[in-house]
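When the chains are written out, they are named A, B, C, D, E and F in that same order, and each has its own residue count from 1.
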Amino acid sequence: MENLLSLWQSTGIYNFTGGQAFMMLIGFLLLFLAIKKGFEPLLLLPIGFGAILSNIPVAGIAEEGGILYYLYYGIKLGIFPLLIFMGVGAMTDFGPMLANPKTLLLGAAAQFGIFASLLGALALNAIPGLEFSLKDAAAIGIIGGADGPTAIYVASKLAPDLLGAIAVAAYSYMALVPLIQPPIMRALTTEAERKIEMQQLRVVSRTEKIVFPLMLLTLCTLLLPSAAPLVGMFALGNLMNTCGVVERLSQTAQNELINIVTIFLGLSVGSKLSAEAFLQAKTLGILGLGAIAFAIGTAAGVIMAKLMNKFSSTPINPLIGAAGVSAVPMAARVANKLGLESNPHNFLLMHAMGPNVAGVIGSAVAAGVLLSLVK
Amino acid sequence: MTEQMSRGIELMLVGMGIVFLFLIMLVVAINLMSALVQRYFPDGPATAAAASVNAGGIDKSVVAAITAAVHHYRARHK
Amino acid sequence: MENLLSLWQSTGIYNFTGGQAFMMLIGFLLLFLAIKKGFEPLLLLPIGFGAILSNIPVAGIAEEGGILYYLYYGIKLGIFPLLIFMGVGAMTDFGPMLANPKTLLLGAAAQFGIFASLLGALALNAIPGLEFSLKDAAAIGIIGGADGPTAIYVASKLAPDLLGAIAVAAYSYMALVPLIQPPIMRALTTEAERKIEMQQLRVVSRTEKIVFPLMLLTLCTLLLPSAAPLVGMFALGNLMNTCGVVERLSQTAQNELINIVTIFLGLSVGSKLSAEAFLQAKTLGILGLGAIAFAIGTAAGVIMAKLMNKFSSTPINPLIGAAGVSAVPMAARVANKLGLESNPHNFLLMHAMGPNVAGVIGSAVAAGVLLSLVK
Amino acid sequence: MTEQMSRGIELMLVGMGIVFLFLIMLVVAINLMSALVQRYFPDGPATAAAASVNAGGIDKSVVAAITAAVHHYRARHK
Amino acid sequence: MENLLSLWQSTGIYNFTGGQAFMMLIGFLLLFLAIKKGFEPLLLLPIGFGAILSNIPVAGIAEEGGILYYLYYGIKLGIFPLLIFMGVGAMTDFGPMLANPKTLLLGAAAQFGIFASLLGALALNAIPGLEFSLKDAAAIGIIGGADGPTAIYVASKLAPDLLGAIAVAAYSYMALVPLIQPPIMRALTTEAERKIEMQQLRVVSRTEKIVFPLMLLTLCTLLLPSAAPLVGMFALGNLMNTCGVVERLSQTAQNELINIVTIFLGLSVGSKLSAEAFLQAKTLGILGLGAIAFAIGTAAGVIMAKLMNKFSSTPINPLIGAAGVSAVPMAARVANKLGLESNPHNFLLMHAMGPNVAGVIGSAVAAGVLLSLVK
Amino acid sequence: MTEQMSRGIELMLVGMGIVFLFLIMLVVAINLMSALVQRYFPDGPATAAAASVNAGGIDKSVVAAITAAVHHYRARHK
């Protein structure tokens, strides 16, 4: 008899809190967005599922003794995001960027979104009830980096409590890039500018591709060692791919290893989507600021491109500036799409890949600045 | 304006400054490097293998093997 | 000189205990069964090898400082069995079950073996020298679930000392299903019943396959959250496979990841096959009760199928009831084989896959009950 | 009969009860779900890809690639 | 303002120590050797990169909180080298050795290099400033085993401080085998001896290949359990491959798993290349002794082969003795190459593979002796 | 000669002794085993699958599948 009673008292129905129920719905929403809307499914599916699992009453899957509790150590110790970054590095081709280095500046300008939304977060403190510390603001700003692993890495160091919301915002807005960017790009460019055709890119030699990641890491070491973990693992992955002598390691890094870590990382991030942490005014602030960050980053990139087009010897289509926010490769595809709309013979994809990957470096650098100055 | 706000603005100025400084120096370094490499270590264009994102999660070496298998077959059945 | 002496004193011959020697023979026996007899080689080979390694004198491979000691944490923390379960979920097709849901009841009935052998274990306490606690009994009973990861997960929580024997029994009897089940199935069915042909199953839509794992997890959350870790990871794997948008994660979960974890899990389980833990009357009890559990589970499934056949609108061949014990896919194949013996045109395989996978859910539910009530 | 035995029997009754309750509710839920899906979201049968146990440890995507390669070859050599 | 200052004070330029700069150059040198010279790239690339990362000032990538600090636990606990050894076992074919077992003695003789360089290390203590403990000497000697995982495993147990230098020496000299061995081999053999053709090897049955790893482990258990972790994991990998019933585990062990662990192991080894540990007279000693170890091991193998050729019924080409140092498969290829120089119809590769894999066993045995006697 | 040196020499003698002892016993064991196996369990030569180093990191099962695909294709298009 008391078996039945204790069993009833151990059901979810008996133990559900409103918060848990709501967070599980958030989890299902993320699954819906991932599966039906195709929002970054590789990340949002595990994240959404992690949110569901960690909010199941009684089970305590995200508490000590539960699998998500232990998987989370991979984020806490900074291992998972760096391994993902290594895999991304192995999948990245710097050829287009090396063929037209000045497009790196577009990747710099677009990081303005990071710092603008950082300021925005601080400004929101004016609203009673909102209380963003400088660390919180920095972690929120990095959403504007439009780069998942970087955002998770920084958030796990500066504001673990906001990690869930920040990761969700980062990946959601990356998926929304095709909706967020075009209006801004159209608003800031003339039809004539969008028609601009760019010169065919030169072919980049293998040696250059091998030397580049080492050069990047060296520069990072000299100027901004606080960015070295991110830049270093990224460079390692890229070198493994370009050097051509460790093909089996490169393949594993960009396939099985990154897949395994992606599953674990997603679940662990989801485990941070608890009611206490997520159901706060802060979260709305984060979502709002994230959108602003993407918008401002896009605008800054486009404006920078217009400027450069003025002074550059070779023509630059301002649309590719928007790719500077990273969000590889969606942002580059968006630039290509808008280019084709104005001029059916104008293929900007390769030209946009330069600023696109430059944006990854740019946000890693910005992350380094924040990690070294925000204490 | 709050002290925090001013720190934020300073952070923005310094931050964007560093980002630009870093990437500008990278541009310079790349131009230098490319010049040197093309001058002293010309090795022809990068192999397709070394480039491009590996999307489908299916092993390049596998694709290679398949292509090989099919080519080899084609060759023998001309 | 004292070098030679200390060397002699560090040889296995000098240090062997009878128990270690015997357990190494058990290990070799398991390897023989795995390699020559094809008994669940993927698990029994690593388990057998783990048993050999952990019983090598002096080396201390299963003690602090040894690799098996550290690998075992993957079981202790419940990580390995759950990752295997995720992979199994990704390899499972619920189509046949969704096409004929009432066969789920067969998967319920067959779990009777679990509770019968639980009682059996308690009854054995009557024998002087045998001393099974309720936790022990529950862990032993779960062998009747005929599902490896579930048995290991439950045993690691309720009776770590019996883990080795329980895992060995579970996998051995799964391999013996083609020997254990047929006599029972023949004894309980008439030739006429075995001849019964079942209706062609309808085709199940992809949407249903995507919704099902989420529905399953929701129900588990509401009724029996203590089963959520098992059911949840199983549902995650299944969703990754059916949703179709994270194919690379699904492939990794059902190939490289499950392979890696299988090696580690097997070795760690084997490391629990120490003389102190295994060379006890208890072990004989476990082996005996495991066989009983499989037999009773099979019988219960068949009898349930006969009942349902009486009242069901569409004919149900009682043979498929035996597949309810899970032991995927052997039990389903056995049902198919016996069906063909009686009627060469009667292919029951797909019909038996329904109760077969339902049995996996059934034993996970039973595991949840035991984990929440046996404290 | 020992107190332990009686707990065991109670456990059996409760346990089997829950297992049946759970799976019966699952049957109901599935029937409901299938009805709704077939009514409101008919999307044709599941793709083979989404089904079937992956036995040999060999990647579906690989098999796909091979099939593709061979088909493509066949197509070009009619 | 103080932002800028603190930022300047956090740059690498500001914080660089001479030692770090030098070690980073060592790292780049290793990358150069790996990529341009093809020196064991699978290991030396990650090791070199690890050296660079761990010597970046401020970042502290190899200190608590940094990824290399945590990855190093895989070596500290002895897990990584053993997993690599398992994978190597799965990739090893003992066929040629089983077809001509007496070649095992060549694998024994070649281990003389290990003990000779051990003595050499102790002799160097005569030089003021050099201070090798017996443990140090043993760890250095194992370089002569010409087997990476074994060297790393032993060094991590006996002399963690020397791990970096020892691993670098071991892999570098393995890569240099084609330069180190030929002169020694020519000096110790006559043209006539190099011309010797050997009898075609018999075909070895699958059963023999399945039984062998178990026999090897049993012998190791009886005689030298301290070698059991190495020999055991090697035997496990080999058995998984030969038994044929766990193909998917074998494939994973020799591909994805070994690749993942290789990346982690290489980075962790590199993280031990710190200025304090590496910039010492000891390191020069290690590099020197390593070369000596390879040379003496090669010589011992060749001389043993000449002896055996005298007394053996079937002819033995002394060149294959050099393959006894292991360094699989380079040493075997070298023997084959020199054989072809003297006699274009004389293919020694398969005959040299026997002593080559025997050398792996030989160095594992030697490692066991050192681990059990040097305390 | 230092005490350490003498320990080292002793270590060398013992060590090489053990190495030879171990491998000689292994030779004996192998000869015995091979004799027994060939006498009582003759099973024909090892399959290629069971042998050879897997270099390229590409799955034997994949190669098998490719070969199969191509063969099968060839068979159907004689």
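Some points to look at:
Quick note on the criterion: contacts are C-beta pairs under 8 Å (C-beta built on N, C-alpha and C of every residue); 3 or more make two chains touch, one makes a residue touch a chain.
What you are looking at is a predicted structure, and each value in this text was computed from that prediction instead of being measured.
Of all chains, the one whose mean C-alpha position sits at the greatest distance from that of subunit D is E.
Taking each chain's centre as the mean of its CA atoms, C is the chain most distant from subunit B. More inter-chain C-beta contacts link the pair E-F than the other of E-F and C-F. The mean-CA centres of subunit A and subunit C are about 41 angstrom from one another, to the nearest whole unit. Taking each chain's centre as the mean of its C-alpha atoms, subunit C lies 18 Å from subunit D. Measuring from the averaged C-alpha position of subunit B to that of subunit E gives a distance of 34 Å.
In subunit B, the residues that reach two or more other chains under the touch definition are 11, 14, 18, 56-57, 59, 61-62, 66, 69-70, 73. Residues of subunit A in contact with two or more other chains: 3, 7, 223-224, 247-248, 251-252, 255-256, 259, 369, 373. Within the complex formed with subunit A, the subunit B residues making contact are 2, 4-5, 7-9, 11-12, 14-16, 18-27, 29-31, 33-34, 37-38, 41-47, 49-54, 57, 59-61.
The touching residues of subunit C, when paired with subunit D in their complex, are 90-93, 95, 98, 101-102, 104-105, 107-109, 111-112, 114-116, 118-119, 122-123, 125, 134, 137-138, 203-209, 211-212, 215-216, 219-220, 223-224, 241-242, 244, 247-248, 251, 254-255, 259, 329, 358, 361-362, 365-366, 369-370, 373-374. In the complex of the two chains, the subunit C residues touching subunit F come out as 1, 3-4, 7.
Residues 3, 6-7, 10-13, 15, 24, 28, 31, 34-35, 38, 41-42, 45-46, 49, 52-53, 56-59, 61, 65-67, 70-71, 255-256, 259-260, 262-263, 267 of subunit A are the ones touching subunit C in the complex.
Subunit F makes touch with subunit C in their complex at residues 10-11, 14, 18.
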